[in-house]
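Shared chain: chain A. Partners: chain B in the first complex, chain C in the second.
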Partner chain A sequence: MANKPAAKPSSPNQPAQKPVPPKSTASDEKRTFEPKYNWMNKTRQWGVRVKPGKAGLRLGDLNVGIYGETPTQWADQSRNPRGAVPRRGMPPVGYSIRDKAGLWADCAADLYEEAIQRRWAPATDVPWDTIEPLPDDVEHAVCQVCTELVGYANVDIETITGWQHQMSYGYHEVKQFLATASFDAARHYECFRKRALANGGGLGLEGPGMVNRMILESRGGWTEAVVYLLIMRGTFAMTLYKYLGRHAHNDAERFIYGHALADKARHVTYALDHLKYAMAHADDVLQVVRTLIAIGEGGLTRDLRDPVLAEALAVVFGRGVAKAAGRGMAVYGDMMRDYVATYLGYCQWLGVPRDPARLPPPLNEYANPTGAEA
Partner chain B sequence: MSEAANGAERELDLGWMDRTGPWETRAEPGKYGLTIADISIGDYGDAPEVSDNLTGRARGAAARPASYRIGAYAVRSKNEIWLDNASFLYEEALQRQWSSATDVPWHTIEPLPDDVEQAECQLATFLTEVEFVAGDVPARWVSLTTPDFYEPRQVLLAQVMDESRHMDVFRKRALANGGGLMQATGATSGFVGSIDLSRDFTEMSSRLHVSGEGAVLTLFRMGELMAQNEAEKVIYRLCAQDEARHVAFGVMHLRYMSETAPERREEIHCYLDEAEGGLIGAANPVGQLTPTSESMAIILGGGKENFDDGMNKIIAIRRRQLQEYRKRVISAGFGERFENGRSRVAQMIEEAA
Partner chain C sequence: MALFPSVDWFDEVRNVFNADDRYRGAGGGYCNCVAGFRIAEKVFVLTFDGFECSAAAEGDDGTLDDVDFYLEMPAEAWRDMVANIAANDGADLHHTLNTLDLDREDGLATSKHGDQVREDLFFRYNQTLQFFFDASALVETEFP
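Right, the complex of A and B next:
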């Protein structure tokens, strides 16, 4: 396969080849037409002139006049752009998410533009040449962790894409942000796979999959999926990236974990904003989230009791098997305490505070910030 | 309390170190960095003909018998979705991402005569609308495809991102110059036989990538003729780059399908029959739908007073669309339809003239 990409993208401002105008035949030139113009003047608001600001012309800048009105329910089942004059009698496309409370976050438009500005390409932006051979035990551990992270990215991809097409276009900002989120996940998928295959190792053992299934089976609604995918798993992944970045073996790994962390932070930001909105605007969501969290913690702890990821992380943090049980596990403990503290903080902020003592083991064991036995 | 939590040392099992995929793999970055083609080496490069992966594990990873089944994947046969240049298209998509906020010189937009601005806004409304379908549908198919075929999935995810940007750039254009959105056409609603309702990936791809996006690509390539200012030229140029990748995906997939599943060729011809019926229809901006073709005629003619000139250009573009469609289908390996009388494209080209 000659699968090589173009060397360098052409600059957006670089002139393109001028197209050759299509030939008009002699018969074309003689033809005359009788336009109806019955589409003219059909607009709900005219005279809109949005100007680019310091950061260009952003999606959120367009929310002026009627174009910024996002109703609490979007009854239109067609692909009518928000603010356009609808065409009546169109067969419905069939969106299942038509309530604003089911997906909205005020920050979605800003996160969309931020994601585009912070785009990166694993093939060319990661300094792959900085990867040097590692001791075999460490390479095994890095590859095992990357295998798990590929699995996480896979669930991000499958979950988000499974919901995107069900969201109505009245709330296009969210759909557009989620396009960046699934594209981020695609990048994470390839990037962690690349790292596993770049340094004399290979992929490791697949994860236990309890949380994966829990996320994918969140069929009750997008909000439910957000709780599991972006709050529980997302916060955990974010914490992993943070600690893996601190214990990176080379600049390539530092770059990967740092950028994955920035991407994931956007996803979690959306999640927090959305859940806050949903709880404030829809009956019972707060109670539902409280219940989901309690159930989800059970699933999460089942995965956490599996020793593979913990041990692999301990080997990475301990820089080898020799110090994995001691120093490595101590850092793992710090990481878990960091995760639980962040997670509990998010729950508190959302208005669904958790009693640390009632978290299922082993989560409750990391709820004590000092690490001392309760 | 666990040892990790209380700081005590615990004995490690480390059995996972013996449970890996093929080991001693060392993919090397090439001239274009470390691409996904570069990591398709050894067993890691072998996508199975039929995937039995129901746990979502990465291709080549060691399976864990106790892992939960998570994927009820509808697309598990390689020939249903595969193409030979997915790695190239994906890496190119990453390299050519752009920002509609900052890469388009919005300041070059100047006020236009009202008829031209209305036409621009009608076209932008239509393009916003059709880009919706091109984002929704590939996303749905990604969620249904086993990760053993991750390369085509990656391309489709890049497409969803591209379409999202196209949606926003045309919305931005409609609201940037004293106009506004106009009336939706409804051209992409849930009609029987539409892109949405495809029950098979190749069926969807032949409608979306080959005929639908192919027609739009021809149009975007005429951007230099249609644009009123540098901002619009940049928009059409960048959108054309993206659209060309999407069309390439469809053509290359059809070619792969044609070569590896010849028993499905007749079925594919049926999809192409349907697709050809839509080539001059409502979902084509230079088709026979009044709001878009009239607005295009005003844009191409330079105003209502030159409507006939504009319409004649539209007819020429329509003819070019059909010729390019025919080339793509031939390239995909289904060219016999143009020789055995099955396709109406030759007649449509004649009629367009």
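Right, the complex of A and C next:
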């Protein structure tokens, strides 16, 4: 057998030679050309022709025939796509959320399409060039608020992705929508961080994080996480975005807060729809949600007693330290009353009405339209 | 020259809005809702369907029962908003729908049905609605 010459070692200045893939041989062809095509008969429903409508071919349009069947419990423990023929002997993945009531929302497919089609890119869509130098106290306050919002977004990402992989493939509309929600959160993380670093400031002090911990450590199921993450925190974030948009200093901030608001409203819509579904289709969920809400309010009020966010918002709303205590805190009060009213409205809509007088302080103070102590 | 408010005016704005691809990107686009507008004694209804505003019609108080949400302001506030958009080629910070919503004691957006999910469409599609009214900067408008 002739020895092959040893490959010449490449010198440090020359790139290594790329290996050349061997050519196919006659035995390859023989090996691959003995087809049975048995897989061609493996389908549960053939001849499906879904047609695009005015808004294109949407995810929800695909729910025809067996492909639209979403049973109340998904027994399959594999990654088998809904409607495909299961392969025998597949090891179970071990999804913990296999009941439809544990994640479903009828609007999920539409929200997925909406999220995809209404996407925005902070790098190029935000008019960053409209940001101009602000007084030092205002820039400090804006950056402090952005630091808090970056933290919120991070919790959104971690929580959603932490539960997503435990959800059965049978309910793919929800999994896909939540993929967009975590991407929305990544976008929020990005744009608030960019705002903090775009105008001579920087990130400020980390928030107290009681609500963050409550959300991240909730172990009772996705529905519980939805109550904390999307109803309690989500509504609070939505309200913040509305007021920050109202008091934006430039078009860039206005764009960021306005678009973050639309994204967050989509997440809250999913949450409301899911909770309604869960309460209607699973025993005891209504009672559980009522209990979770009471627990969650306790965590929220501990965060609200920390003065940092309130002070920073007051400086933003008052356009400086000089008017933070007067005008700034007055707007902060308006914002909190708006938040509590929206939150109570959601609770009412869900069928778990809250007695405003029994909210823990300081929430109860904002539940009173006169602003007087409850 | 289109008179504000009138179906003709909304139709002219629709034509501008539907023809401009810029309103479909950067967080705009896909929008499905039926929005009402109470302007003085008149009621108008806009239907947003996918990427376009597909219809504008005049209605009455009963029509507002069926819309997802409706926006209500005194006639002079509507007039200020439309005039501001025309003067600035888009609403300034004090005349956006979000600002007007927050500055009003009872808000700008409401509904008769009280369905929270349908009411929240105002926030989900706020940018599209803003784009729509900003498109009115290209419509020659007269006021009564």
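We take it that the second predicted complex is superposed on the first by the 338 of 374 C-alpha atoms of A that agree within 3 Å, B and C clash if a C-alpha of one lies under 4 Å from a C-alpha of the other, contacts with A are read in each partner's own complex, and residues count from 1 in each chain.
Note that a residue touches a chain if its C-beta (ideal position, glycine included) is under 8 Å from a C-beta of that chain, and two chains touch if they have at least 3 such contacts.
Keep in mind that this is a model prediction, so the values were computed, not measured.
When the two complexes are overlaid on their common chain A, residue A:G258 makes contact with chain C while staying clear of chain B. Of the two partner chains placed by superposition, only chain B is touched by A:M90; chain C is not. With both structures placed on the common chain, the touch criterion links A:R219 to neither chain B nor chain C. When the two structures are aligned on the shared chain, A:V321 is found in touch with chain B, with no touch to chain C. In the superposed model, A:W349 makes contact with chain C only, not with chain B.
When the two complexes are overlaid, the chain among chain B and chain C that reaches more residues of chain A is B. After overlaying the two complexes on the shared chain, residue contacts for A:L57 are found with chain B alone; chain C is out of touch.
With both structures placed on the common chain, the touch criterion links A:Y243 to chain C but leaves chain B unconnected.
In the superposition on chain A, the residues of chain A touched by chain B in one structure and by chain C in the other are 55, 113, 117, 119, 121, 125.
Chain contact summary for the complex, chain C toward chain A: residues 25-30, 32, 49-51, 93, 96, 98-99, 101-103, 114-117, 120, 123-127, 130. Residues 54-55, 107, 110, 113-114, 117-121, 125, 238, 242-243, 245-246, 248, 254, 258-259, 261-262, 265-266, 268-269, 272-273, 334, 338, 345-346, 349 of chain A are the ones that touch chain C when the two sit in their complex.
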